[in-house]
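Take a look at these structures.
In the two complexes that follow, subunit A is the common piece, with subunit B as its partner first and subunit C second.
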Partner chain A sequence: MGKYVIKRVLLLIPTMLLVCVIVFALMRMIPGSAVEQVVYNYKQNGMVITYEEAEAKLGLDKPAVVQFFIWIGGLLRGDMGKCLFRGDTVWSVISAQMPITLELGVMTLLLTIIISIPLGLICAAHPDSPADIIIRTLAIVLASVPVFWIGTMVLVYPAVWWGFSIPLTYVSIFDNFFANMRMFLVPAIVGAITGAGNNIRAVRTMTLEVMRQDYVRTAWAKGAKESRVMYQHAFRNALIPVITLFGGAAAGILGGNVVIENMFNIPGIGQQLVTALSNRDYPLAQGCTVIMAIFVMIVNLVVDLAYKWCDPRVNLE
Partner chain B sequence: MVQSEVILDVQHLQTYFLSGDKKNPTEMRASDDFSYQVHKGEFVAIVGESGSGKSVSALSVMGLIPYPPGLVVGGKILFHGKDLVQCSDAEIESIRGSKISMIFQEPSTALNPVLTIGKQIAETIRIHDKKIGKKEAMAKAVELLAKVNIPNPEVRAKQYPFELSGGMQQRAMIAMAMSCNPEILICDEPTTALDVTVQAQVLEQLNSLREEFGTALVLITHNLGVVARYADSVKVVYGGKIVEEGTPEHIFENPHHPYTLGLIRAVPRLDLPRSYGLHTIPGEQPDMSKIIPNSCAFAVRCPYATDECRCQRPPLEEIEPGHFCACFHKDETDEERSALV
Partner chain C sequence: MSKEKKSSGKPRNGFVEFMTLLWRTKKVAFFGMVVLILFILVAIFADFIAPQKMENGLLSSHLMEAAQAPSLKHPLGTDAMGVDLLSYMIYGARTSVILGVSCTILSTLISVIIGVASAVIGGKFDLFLQRFIDAWQCIPGMLIMLILMTMLGAGMGSMIVVLSVPGGIGGSRMIRSAAISVKDSGYCNMSKMLGGKNLWRMIHHVLPNILPLVLMNLANSLGGTIMMEATLNFLGFGVNVGTPSWGYILTSQGRSKMYTAPWIGLAPGLAITIMVFAAAMFGDGVRDILDPRLKGGMGSFSKEKIGKIAKKYMASKKAQETA
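What follows is the complex of A and B.
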């Protein structure tokens, strides 16, 4: 087990290197460049800068390969470079905004799990019962409605009807827990219910599949009560595909929910990435992407370890 | 065998599988007017081909028919005089696994893959004995594993089903089923999925446990050799009904029903010349939703069938003490019977 973890962590290194190459190349392939952006900004402010001057100022006058090695060299020393358009270093921006995204991501993920697993199990325990039909219908509606629509409705209608609006200024969870929750709870719920639709259906299908297995019949034949059959025997086995499902969701959610962060004005890394991309802020966009990639890889590792935990047949070596 | 107390009395059991919609309902009569008794400590064999309703009748006794679509629509299952069909869920849960238990055909899928063998046995013990502690139940599970001749029971108890061979898995299933000292153990084709050499060991094990604990065994099988060797009483099933029953001597030496005769003749014989060939029963098991309710289910495949068989169900009649046969033409099968070698 320990050996496996070490092996996987070591494997992260070549993967990261590949991610860096791809991210760097993709950034340079986007039409338009940071240089044009700088020239444009100067012009807006009534100043003049030539293209070459701007290029040299941004360090973009060197060949791309040289730029890449400068960037990688910095990364290896823990220096992600400086933002092109703001005075901060990339790391200071990411370290300020990553926790915000993580908070929203963890809340959304927990809510998704809290909503989908019990509802999915209720459906699976009594298929085609009224409860099952109601929950399934709801799940289809939730899965089909886009997140930006629900987000808009949640922002607009409480304000119209009750004059209540969700606070849109960020307060750190450490400064004021309740003010922070007031801001985060609604977007987390919106994220969770839109994700829950598909997850409820998946949990239901997977549990039903397991309910048909012989060992569930054996559990009944032992004289076990329904609750025991459901949790000890059916759900323990259905957990294996369910972990895959939530593992995928976790990777996505922790990577930053760009739409929700933008709608609810949450200064997370998703929002930052969008800004960086539209400004062609190469170091910042690269830094954000690399950090997200690291998160996705860590989540995948955790998911693989979780398999081992819930299915003894899995052999990690 | 001296007939002792009747512990299970199944009377006119009808288990149907309902399908189709409200306008056009179809019912599959998997078990139709199925009656049998199990005495204390008896070895009962239920024989028939696949799909004849053997398993359904056993699952009905356990209350394990999945509804929908399956449903016990008629008859009584009296266990010590108490009708299990009418029992509440809680009552039947207290009987299942403790007084009547069951083992299944495929041990590799019948054991929960994510729990250790020991835990699964201990679970059964703890379900029916609320006072027993976790450790004590585990110790008892190890003891049971030793009882069914599993070597290194302490080690095996901590292993998962996939780490055991098929024969060992089935032994573990037997240990689990025997954990509460049941009065009846229903075995649904317990050896079909096992290697031939292991089959004999498992059956021997079952029989010795029966003798040791006085548990009645209901063995559902299509292995006639096993039946001849162990059973006290044999029921031959066709189309959800018992067509002939009696002791193994009655069934094998003096079979009267054309279906029983066909079954016995279909056993491959190594001691006969090849020219003797392999006998088969023409046709196949009919779709049970299409059999006319009041007719002999075997009529379509039966060489002796007449119009009488197609519009009337032959009653189960005693032809000699303890030997029953349901056929209008049972007296015409002499010639085929005398051809048995």
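What follows is the complex of A and C.
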């Protein structure tokens, strides 16, 4: 196990390097240069800067390969450069906004788990019963509704009918816990409900697969009580693939909530990235993407290790 | 159920048998398929059905009739620019169907080419390609789409590329693992021994054997594509202004007029939901039929069945004892 962990951690390094190459290449292929934007901004403020000067100022006059190595060198020292238009360093922006996205993501994920595991298990325990059919149909409907449509309805109708409006100004959780929860709870519920659809069905399929194993049949045949067969034999073993399922969901929490952040005006890293992309703010967009990718890699590693820890039969090498 | 078990997983006699099987065992999936076909027909004959015709690729606006509630003249009402909403929806179906169909086919094609080539060629090529895909999959899919969309600009062409390339690269994993198991089978090695080139083996041996998986992939990615199109439109990276699109009108007008003119948001929202729902139902049915692992419900493993067998056994034992 120890050897395996070390091997996996070492394998992260080339993958990370490749991610950096992909992100850098993608960003440089975006047309519409940031240089023109800078020249324009200077002009707006009554200052004059030539195109070449602006290019040199941004470090865009060097060949792309040189730029890449400068960027990577900075990354290794924990320096992601400066935002082009905000004057802050990229890291200060990201470190301020990552906790917000993480909070929303963790809340959404927890709610998704709370909703989907029990419902999925109910479906699996009584396959093809009315309850199963109703829950499954509902799950597919939920997965089919555009999240921004539900979100807008949630924003508009309660405000009109009952005068309840969701606060759209961000308050830190450390300043005011209740105000923070007031803002985050509704987006998290909306995200969890729309995300639960697919997870309910996945939990059901995984549990049913376990219930078709020989040892479950043996347990039934031995005359074990229903609760014992369900909890001791079926559900416990079904938890193994379910952990992988939600592990995958956990990897996506940093980059997967762009729509919800955008809709409920939550100043997270996803929304920041959309703005950075439309402003052509390369360093910021690169920084955000790389941080998200690193997060995905680390969570995936942890999930794999947890999987191995839960199920000693698994041979990951 | 017994009929379903007999035909072991694969459609033996092609399309017609598959359809009968779908109709017999998966009514809901069949219904989903009918809905999808209806949408496709609406998309094809949009010019004949729509009450307000497109002129030079645009639906002209009549500001005098802006934001009218549904009436006999405008069954779904009009939007904020006075365009008949029913016509807009019908032309929007065309956009959705074009995007949905072409992206599903293109992304499956990309998956198949990458997956099969990687499996059959193997060696260094496979290693490097897989490391690249590893890295690619670490970047959240939505971000790649946004970056690509910024790169290519708005419009249908770039939408097709953006909605199919990332999904295609991600989906190649599944195809590759299936292709590897086929590649190592006896007939494939025999073909290699007889001098079959890589391309020959890919087309004649590997591809026919992973076809069920490919079909499954096709049926399952349709719903996601349509949903993603709407989501990209919401984030402001979508089709050109003027191209009718459900996602676009839901975002640009449906949301801001949610209270004053709720019908503008209702129609496209429902249309997206119905289409994605139908696609999901159809995809599920196809998967249930083509994937033998998922078939047959609980069968002999259900509690009731085992109980019956046990009762029979006990009864026969009792009969023996008394006799």
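By our rule, the second predicted complex is superposed on the first by the 304 of 317 C-alpha atoms of A that agree within 3 Å, B and C clash if a C-alpha of one lies under 4 Å from a C-alpha of the other, contacts with A are read in each partner's own complex, and residues count from 1 in each chain.
Basically, contacts are C-beta pairs under 8 Å (C-beta built on N, C-alpha and C of every residue); 3 or more make two chains touch, one makes a residue touch a chain.
Not measured: the values here are computed from a predicted model.
In this superposed model built on subunit A, subunit B and subunit C take up the same space, so to speak, and clash. Of the two partner chains, neither subunit B nor subunit C is touched by A:Asn176. Of the two partner chains, subunit B is the only one that A:Ala224 touches; subunit C does not reach it.
Within the superposed three-chain model, A:Ser278 lies in touch with subunit C and out of touch with subunit B [touch as defined at top]. When the shared chain is aligned, no partner comes close enough to touch A:Ser95: not subunit B, not subunit C. When the shared chain is aligned, no partner comes close enough to touch A:Ser165: not subunit B, not subunit C. Comparing subunit B with subunit C, the partner in contact with more residues of subunit A is C. Applying the stated contact rule after C-alpha superposition, one finds that A:Ser129 touches neither subunit B nor subunit C. Looking at the shared chain after the overlay, A:Pro312 reaches subunit B, while subunit C stays out of its contact range.
Once the two complexes are laid over each other on the shared chain, residue contacts for A:Thr50 go to neither subunit B nor subunit C.
Clashing C-alpha atoms with subunit C appear in just one stretch of subunit B from the list 19-27, 55-63 or 217-225: 55-63.
In the superposition on chain A, the residues of subunit A contacted by subunit B and by subunit C overlap at 217, 220-221, 223. Only residues 14-16, 18-19, 21-23, 26-27, 29-31, 127-128, 140-141, 143-149, 152-153, 156-157, 160, 205, 208-209, 211-212, 216-217, 220-221, 223, 226, 229, 252, 254-256, 258-259, 262, 270, 273-274, 277-278, 285, 289, 292-294, 296-297, 300 of subunit A touch subunit C when the two sit together in their complex.
Those residues of subunit B that touch subunit A in the complex are listed here as 62, 64, 93-98, 101-102, 104, 106, 109-115, 123-124, 127-128, 160, 162, 173, 176.
Subunit A contributes residues 213-215, 217-225, 228, 232-233, 236-237, 310-313 to its touches with subunit B in the complex. Of all the residues in subunit C, the ones that touch subunit A in their complex are 131-132, 134-136, 138-140, 142-144, 146-148, 150-151, 153, 223, 227, 230-231, 234-236, 247, 250-251, 254-255, 258-259, 265, 269, 272-274, 276-277, 280-281, 284, 293-294, 297-303, 306-307, 309-310.
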